[in-house]
Amino acid sequence: MNILVFTKRVAATQEEELRIRDEGAAVDLSKVPFKINDWDNYSVEEAVRIVEKEGGTVTAISIGDAESDEVLRRAIAMGAKDGFLIESDAVMHDPGARSRLILNFIKKENVPFDVIFTGVQSEDDQFGCVGGILGAILGLPYSSMVIGIDAIEKDHMIIRRELEGGLQERVKLAVPCVLSIQSGINEPRYVSIMGIRKASKVERKVFKAADYPAENAPGIEIVRWTYPAKKGGATMLAGELDVMCGQLLGILKEKGVYQ
Amino acid sequence: MIVRVFGQAGSEIMPEQTATRVLTCIQCGKCTGGCPESGKTPFNVRMLVRKTQFKSNIDEALPWYCTSCGACSLRCPRDVKPSEVIIELRSKLVEDGDIPVTIQKALENTFVQKNPWGRSRNKRADWVEKAGFEIPHVSKTESKRLLFVCCIQAYDPRCMVIPVNVAKLLRAGGMEFGILGEEEACCGNEIRRIGESGLFEELQEENLGTFKEYGVKEIVTLSPHCMNALKKEYGNTGIKVSHYTEVLARMIADGSLAFPGSFEKKVVYHDPCFLGKQNGIFDEPRSILKAVPGLELLEFSRSRETSLCCEGGGGRMFFEVESVYQRNAEVRVIDAGMLGAEIIAAACPFCVMTLEDPATEKGLAVKELSEILVEVI
Amino acid sequence: MSYALIVAEVRRGVFEERNLDSVGLAALLGKETVLFVPEGPYQIPEKIADTIVRAKTAEETFLNPLNLTKMLEQIFAGRGKPDYLIFTQSSSGMECAPYSAGFFGLPVITDVSAYDKDKGIFYKSYYSDKVFGEFKPAGGAAVVLTVRSGSFKECAAERSVAAKIEELSGIAETEGRVFIEYVEEEKSDIDITKADFLLSVGRGIGNKDEIPAYEDLANKLKAVLSGSRPVIDKMWLPKPRQVGTSGKTVKPKVYLAMGISGAFQHIAGMKDSDCIIAVNKDTEAPIFQYAHFGIIADIHKVRDKLKEIVNG
């Protein structure tokens, strides 16, 4: 089974206070470190586990600037055979544009595959759309929120997808297909620095995004960036004990954890 | 239980040197005798060396019990360095990517944010606000003397007082120093002991580059763990590295630092493994405490080279072993209580963190050395 | 014809409440609203939309992006493409929305949590709500949206008359993707990482004898009991219940911390919870820096009062 896995290098913003620059024109990421998108880490791990068991190859593909080579080296260290970088210095906010770039790349370069994995979403834009759009424009079956792969046959796969409230749905998908992998599907292995250094010796191919122009499809445009309404510290509940406890239960009800 | 055969001589996993040393082990058991984990947990350091000699199966969970206190290597008559053997076993697990998830997180965090907790690197100098005075960047100092803060002191609310205190003490003694702020990276001492030598090398390279860029001539560390790495594992840097207790002891001896206040308490001093056992610094912290007017210094029966490890080292800050047993920290607190101590003083943030839980419960206080000293300057 | 088409989410015969957020956004957009639903024994408020289109197919077939796009094609053939195709931001919406966008060549904006009617701008979270992007479809084109739960519910006004009911039949089911069955996730009672509501206790509870009383409170509140490291170290609670870097990292909807001061190692294991409520008698406890709500009080008194109220 040949699996293409999309992996993205994203800003690690969880611990950062983000600043918006130039009157809303940009988010300042100049001092923020970068890392592999968490969901993609699970996708790469899942793909590698499948080929370790079933044979085949994993090809990791990243769209981004030259620095994105980092996540390709990491994928190779985890067990991917090849790493392709579709180099694009401009950040593409529109997931439709990204999906069409991928479609054109796969077609023009004749990249063979049985299954395509993406993460359910990326930590930065949280769009969660590239896999779904890609599935549709490739004309292939698609499933997102994949939390388990139960069986892999020549012409189909049985997968489980996560629904809400602890419910899952078992689904049969014809192969080839596109799957968006949910975090928690596995426990991704640790990738050591030594492993990454060894992986660096495997050549990664670089392609230019500009060589795969997308047809003009309607897209979305970002108008500007804004901050969310300020929350600011803990709201202290005050008053007599029964008042505070009543308020506490009110919060539990509001959050839907207590009726 | 997952077992594994670890490499031996000739394999790329265990360096020739270690493999040869392992073969010279005579199984005398002095390592196990001094080990803070052997006996009460499934961990037996002698047995692990034996199994490594014979390429026998080893339970993968076992190497993670080691606290890297170094007692085994100190006691070994054949210089087998069992604590280094443990690091080799761990590096095999690290390379295979098969390690406890909390350790994995600590390593991944260190890779991204240069500290094991994954806190923002941009907030590494946030503690400075609490100092109440300006602390220059080391490049702006004449002495090029660096106060190396490192992760737990930079981020943990309990330990953030340590850099503040030490900065005040150095200032009181008229010593010039600077910091690196967010340009500082984790020293890597625990990272190396977790077995991630590649990451350790990256941290070392980055820090050495920064030291060179700013012409750092001298380093004062807050944690004995950082001192150990910078002094003994960064190679020949030409930079003088001291623990802050060494610096303060000198300042007291030459009269530049004096304690006008008094501290009328019975204090027992706990030797941190990386300060004492592994680096021979026993007298400086004691001489400092003795210089505090009113302070009555007590001694544990197990002190200096035989000090009982608090179990906070060797990656154990990030990982909880499966078996449940009486923690050494609790033993230590009970001992302190029997000595009649009111306060346990330690000169290591990990010791403070591990000792404080049981101490609070038993009505004893734990203070990092500098916390006592700032009360009397 | 200008209209907004809402694809409703129905799971196990339940018309999900989050559909009301889709209805609310459609109302805000000021378009005629068509609600598209599968067959089922569930109830829908009859004045919820202008038109309700019932697909003659079961929910499992309905919420399958391959089938759904074919059904939408049928609807569009009759009514024309909608101006807005609206889904919930949920497992189904996150699957069907982008697939539909790709299928019909429409742009898509997900996780919409606000709409500026004057500017025609949709607000979408970036970086876990640290900043928001203001988006609009380029050239004012039709757009596919998914709606964040809880964002537009209050905009869902009732119509004056009951919705017109239409039926959609002749639905072709795909072979490419077939529903097999629903699976209940195995719920181990001690998997604290899966709990929606954790009651977490710390050293502040004092001693082991207090544990049963907190267990009782957790049961009454339908919460799972967890603890900080000192509590586990003392064996007051078993190891799998430990929250923190040396235990488990949890992200429940509500994390109610009682008697936990908030050591760094603990905070790292729970700070991403949706809502953190801290009860502690120490006003300086670091946990209040991370909590959304705080109560400064004796935790035992709070515990007993909560039980009293819950017991009625």
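Chains here go by letter, A, B and C, matching the order in which they are written, and residues are numbered from 1 within each.
Please note the rule applied: contacts are C-beta pairs under 8 Å (C-beta built on N, C-alpha and C of every residue); 3 or more make two chains touch, one makes a residue touch a chain.
Because the structure is a prediction, the values reported are computed rather than measured.
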Closest chain to the protein CA centroid? A
Chain pair with the higher count of C-beta pairs in contact (A-C, A-B): A-C
Provide the C-alpha centroid distance between chain B and chain C, rounded to the nearest whole angstrom. 44
Could you please state the distance in Å, as a whole number, between where the Cα atoms of chain A are centred and where those of chain B are centred? 38
Euclidean distance of C-alpha centroids - chain A vs chain C, Å: 20
Touching at least 2 other chains, the residues of chain B are 118
For chain A, give me the residues that contact two or more of the other chains. 14, 16
Which part of chain C faces chain A closely enough to touch in the complex? 11-12, 60, 65-66, 69, 90-92, 94-103, 105-111, 119, 121, 123-139, 141-143, 174-185, 187, 194, 196-197, 221-223, 252-254, 256, 272, 274-275, 277-278, 288-297, 301-302, 305-306, 309-310
Taking the touch rule as given, give the residues of chain B at its contact with chain C in the complex, in rising order. 102, 105-106, 117-118, 155-158, 317-320, 322, 324, 327, 353, 357, 360-361
Chain C to chain B touching residues, read off their complex: 203, 229-230, 232-233, 235, 239, 242, 245-247, 249, 262-265, 268, 286
Can you list the chain A residues touching chain C in their complex? 11, 13-14, 16-18, 20, 24, 27, 93-96, 99, 120-121, 123-137, 140-145, 158, 160-164, 166-174, 177, 180, 217-228, 231, 233-237, 241-242, 244-246, 248-249, 251-252, 255-258
Chain A to chain B touching residues, read off their complex: 12, 14-16, 31, 33-35, 78, 187, 189-197
